[in-house]
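Alright, structures below, take your time with them.
Consider the two complexes below, in which chain A is the common component and chain B and chain C are the respective partners.
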Partner chain A sequence: MNPFLRRFGAWAFTILLVHAVAFLLVRGAPGGPLDSARELSPQVRAALESHYHLDAPLAEQYARALGGLLQGDLGPSMHYRGTGVSEVLAAGLPVSLALGAGGILVALLFGIVAGLGAARRPGGVMDWAVRSGASLVMGIPNFILAGLGVAFFSFVLGWLPSAGSGGPAHFILPSLALGLPFAGQLSRLVRTRGLEVLAGDAVRAAKARGLSEFHILRFHVLPRTLVPVAAFLGPAAAGMLTGSLVVEQVFTLPGIGTHFVQAALNRDYTLALGATVLYTALLGAATWASDIWMARLDPRLGSR
Partner chain B sequence: MRVCGRGFLCTALFILGACGQDSAAFRVANGADPSSLDPHLISSVAEGRVLSSLWAGLTRSDPTTLEVLPGLAKSWESSPDGTAWTFHLRKNLYWSDGSSLTASDVESSWLRLQNPATGAPYQDWLAGARFSSHLDEVRIQFPAPRPQFPAMCSWPALAPIPQDLRDGTGTPASVSSGPYTLERWKIRDRVRVVRNPFHWDSSHAGPESIDFLTVESAFTALNLFLTGGVDWTPRVPRLAARNLARNHHPDFRSSPRLGTSFLRFQVGTPPMNDPTVRKAFSDSIHRGQLAELLSPGPVPALSLVPPGLPGYSPPIPGFLLGFPGPELEGPYELLFPSSDSNRLVAEFLQDQWKRNLGVEVRLVNQEWKAFLRSQRKGDYQISLSSWIADYPDPVAFLEVFRSSSGNNRTGWKNQEFDGLLDRAGRAGDPATRNALLQKAETLLMGNRPIAPLLHEAGSDLVSPRWEGVEPGPMGTVDWGRVRPATVSG
Partner chain C sequence: MIRLDTGSKVALGFLVAMGIGALAVASLPLPDPSAFALENALSPPAWTLHPILGTDAQGRDLAARILWGARISLSVGFLGSLVALLIGLPWGAVAGYRGGRADRWMMRFCDALEGVPLVVVVLFLLAILQEYRMEMASIGLGRIHLFFFAVGALFWVPTARVARAEALRLRKAPFVEASRGIGAPTISILLRHILPHLLSTVLVMLTLTLPRVVLMEAFLSFLGLGVEAPDVSWGILAREGLETLNPLVDCWWILALPGLALTLTLLALQRLGDGLRDALSSPGR
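After this line comes the complex of A and B, so read on.
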């Protein structure tokens, strides 16, 4: 079977499975979308139940949700009255993608630079600093990192906004809070691989030719450390997607992460389901993209 | 490597490109996201703040005195039996697109609100009513007297809406009638409104533009305020509020709200079907200590209706600490919605009952929607509750405990109480009406299907760059009074 088709089939199957499980879980939670502090009149409750098909048997509701999903229609949100789930998610997606991209940028930039820096002189001051720093950022949960970042950059220095959205500056602290723990992990991977490469023949030959240290790191070591980096990016993207739920809440960024949490709390069945499906699809896509990049870097992996 | 470098560049450009936007003249950390900008679908206080800037009611209430003032209607009168109201609209009223706002718009809007298919949470306010309009007059006929109706008209739920929204072809608030009109709504981010030059009172205008920011956490709101990200936050975390009040921080203010927190007892089943048991639980709570625990702001409550409503003084029932009560046999259960402050209150109550009644009370917390479902089904013994008035009138509280009210949720049904509310409705003269309502509340308190705990208060932080931001008992401000502070010295 064509590997592309096989991969696509597995991806689609996962989405359908997650959709079914999420459908049952969100409806199994006590309380419903129409429960509110102020009671609806019986006529209004009946009208809304009929509008959202909440009065239909569960199997019929599932069939409707599944049919909608297959046609790309996620239905109306039960909380944002008069707004479609797709519309709500489409408004949040660019923000979440920008945050995710920012997190990956931070992880790559800090992880690679620090990892190579540490590999240059194993046991040196830089190596020690990078390894301690990595342990620290990996050990601290991202919401604590976020709080520390706000305390220092917003309150002490007054350089960056503490929350909200409004421009590129609003993405700096959230991207750091999201990306730094991954930068820590990545720096370790790059350091280990870097040490192997630095001890190899290619680097010895380059040194013999009298090339500068920067030139060697940039053109001989860095490209060879990218395979583990690419392999790491798939799971890291998954971790960042789940991490972004917390970071978006802490910084009140209007991404889809907050919908994922809030829709479940509001019992907005359709939006909760839509957000779950979107997350599943994104996770699958991120893993896929990292596999493709790995295959490009190391063609031996392509056939798998 | 070149691929990698290009990737960095693209990512950086993508982030720079995302969500770039300016800021409004005045910014509020408003709380939860509005679920819609259609006033007929309003359901929360945070929505009320946004929607009252966009939609004008026939009346409005003075934020400070709570007096009902003319809005789109310049005057109104009721029929001698109090069942019908006629509102006289101002001349030359316009929607924000410049088209005329007429009495027939009001009539059609109320018809839409009344239709169950609209799904309006306040549909019951117009249940059984009939409407008519002629020239500048709109008339509403209720099946029973409704003396509080002009006060109800100050809540955005009864505001007229334009034709396109009524037929379902328009986007909510693309055309509005309030002092502000919508510039944009970005879900979970902000509602940006700008001054509406067609508002009937546009000469009396506030800030040029307002951002109502979605900020759910009170801590985030506080951070935003302290770093200059917002000009007003209507919620301050309790401990921060206590510090700010103690240090007399000039930006901090705490003021009473038209809200009461109380306990509901499930009177349908033993042991809470026994009024003496309810009385024992209710009267053994030291409310002063509870208010101290939650200070600054809340005050001990002995009545459901908070003080401060024009013409109404709530009754003071006889609360006797340590009276010889019934034999109590546990275990009992207190249900409360999960939150840190609710847990604090629940643990305080548990301790009070242990200390003063010698009974064990188990604390059960449930997530908000699950809590609502349990309360609705009467699946509890004692539950922590609160009620915030939608309009400034004692009936906004007392109607909750009518036998037929869906909000009652205690199982308490009392025909005498219902009869007193009906008689108060028919009483023409406000003094007689208030006396009857007071009698009804005395009866309610005597039966104790509920035990009031605290009258609520709001904590606000307002930037010194602005003056006139004085949130009243309904938690709203008169935007017309809000202006940049004049620099003195």
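After this line comes the complex of A and C, so read on.
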């Protein structure tokens, strides 16, 4: 079968499975969406139930939910009255995507530069600094890292905003808090691979031709360290997805992570369900993108 | 006898000290961790006198809170890792020993789980299961117990993979083939020959799962979905610290010290796990 189709099929199947399981759990929970603090009269309750099709058989309810999902309509939110889940998520998505892009940028930029810098002189000062720095950012939980970043850069120095999502400056600290732990892991991968490449014949030949060190690192070493980098991005995307839940919370960014956590606390299960499905889709897409990039870097990997 | 390198010994020493502190906290000369004393709110660490590590916004002693937090964080971490182990180990051992089609399907299931954002799904599950807290309370289960199942569901896959690799190797070992030859049933081979040989793997995987579970507990408590308020855990302390931090009052210790306790514990567990793995896999043991 066409690998593209197979991949797409697996992606769609995962999303549908997560949706179906989550749907059953939400419908099976004893607390219904109409159990608010206010007692409803039986007539009002029946009218609301028939409006939201809650009185229909489970199979019909699921069919409706599935049809909605295919059209991008995830139903009404239980907490934000009068607003659809899709609208809430659509409002949060750009913020979360910007944060995710910032985190990946930080991870790639710091990870590759630091890794190559460390590989230049193994055992040198730079190598030591990069390796200790990497252990440090990988060891500190990201909510502590984010909190300390706010304390220092926002409260002590006053350089960066501590919360909200006004403009690009509001994304600097969150992106660093999200991306640095992954930059630490990436720098290790790049360092290991860079050391192998630097010890190879190609680099010796390039040195013999009198090329500058920067030129060698940029054009001879960097391209060949990218396969592990691309392979790392898939798992890193999953990790960042988790990380973004806390980072959005710390910086009060109105992304899907904040909505999701709030929904879990507010018992807004339709919103939580929608966010779970959206996260599954995003994770699949990120893993896919990482595989496509890997296949472009090394065509031998593409046939799988 | 396991011979550890110096770094692992230091890590082990730190963990033992933290564990003893957590166990003995009730008999240490520290104030009650939930005793409000608003007149002492946000006193900085005095290092040698009381309050050694300062106080929080309600004047509660931070040293006492960190040690009481260690009790919950470490015990949750330990039990959660055990649950992950109890799922992952049999799964991997059976898949590796049976081989063939069973192995393919069981491992394909693990692969499929990696396509799902598990942390999000588990958060979702924890939220939904809140609806059943009346029913659960009647059989003596609380939120903390849910957490163990959640962690088990999250972290068993790496253990299963390692256990499978070991079991694949063992099933070709002469003593296993011999007992198969005399007609021993699969279940007794698994229990008497495969599992005992997985013991060192178990030790390593337990140590390596621990920091992930401790971090997960802190993460969930930080989000407000884990340990609940009168109880203290490091995640709760980090959350309170972050809420207290503000540009007007200098109170760095309120976030930095619980953060330090958590970070050092995670690093020590990771280091000990790596050290154990090296010590147990080196040929000269």
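Quick note on the criterion: the second predicted complex is superposed on the first by the 263 of 304 C-alpha atoms of A that agree within 3 Å, B and C clash if a C-alpha of one lies under 4 Å from a C-alpha of the other, contacts with A are read in each partner's own complex, and residues count from 1 in each chain.
Just so it is clear, a contact is a pair of C-beta atoms (placed from the backbone, for glycine too) under 8 Å apart; a residue touches a chain by one contact, two chains touch by 3 or more.
Values in this document were obtained by computation on a predicted structure and should not be read as measured data.
When the two complexes are overlaid on their common chain A, residue A:V150 makes contact with chain B and with chain C alike. Within the superposed three-chain model, A:G67 lies out of touch with both chain B and chain C [touch as defined at top]. Measured by the number of chain A residues touched, the leading partner among chain B and chain C is B.
Look at A:P94: by the touch rule set out above, it reaches chain B but stays clear of chain C.
Legend: residue contacts after superposition of the two complexes on their common chain; A:G124 is shown touching neither chain B nor chain C.
When the shared chain is aligned, no partner comes close enough to touch A:P3: not chain B, not chain C. By the touch criterion stated above, A:L265 is placed in contact with chain B and with chain C alike.
Across the two superposed structures, the residue set of chain A contacted by chain B and also by chain C is 29-31, 150, 154-155, 158, 162, 249-250, 265, 267.
Remark: chain A residues 10-11, 14, 18, 22, 25-26, 29-31, 135, 139-141, 143-144, 147-148, 150-151, 154-155, 158, 162, 238, 241-242, 245-246, 249-250, 260-261, 263-265, 267, 269, 272-273, 275-276, 279-280, 282-284, 287 touch chain C in the complex. In the complex of the two chains, the chain A residues touching chain B come out as 29-32, 35-44, 46-48, 51, 79-83, 88, 91-92, 94-95, 97-98, 101-102, 104-105, 108-109, 150, 154-155, 158, 161-168, 170-171, 175, 218-219, 222-223, 226, 249-252, 254-255, 258-259, 265-267. Across the interface of their complex, chain A is touched by residues 112, 114-117, 119-121, 123-128, 130-132, 135, 215, 218-219, 222-225, 238, 241-242, 245-247, 252, 255-256, 259, 262-263, 266-267, 270 of chain C. On the chain B side of its complex with chain A, the touching residues are 1, 4, 8, 11-12, 14-16, 18-23, 33, 35-36, 38, 41, 43, 116-121, 123-124, 127, 172, 186-189, 213-217, 220, 223-224, 226-227, 229, 366-374, 376, 405-407, 409.
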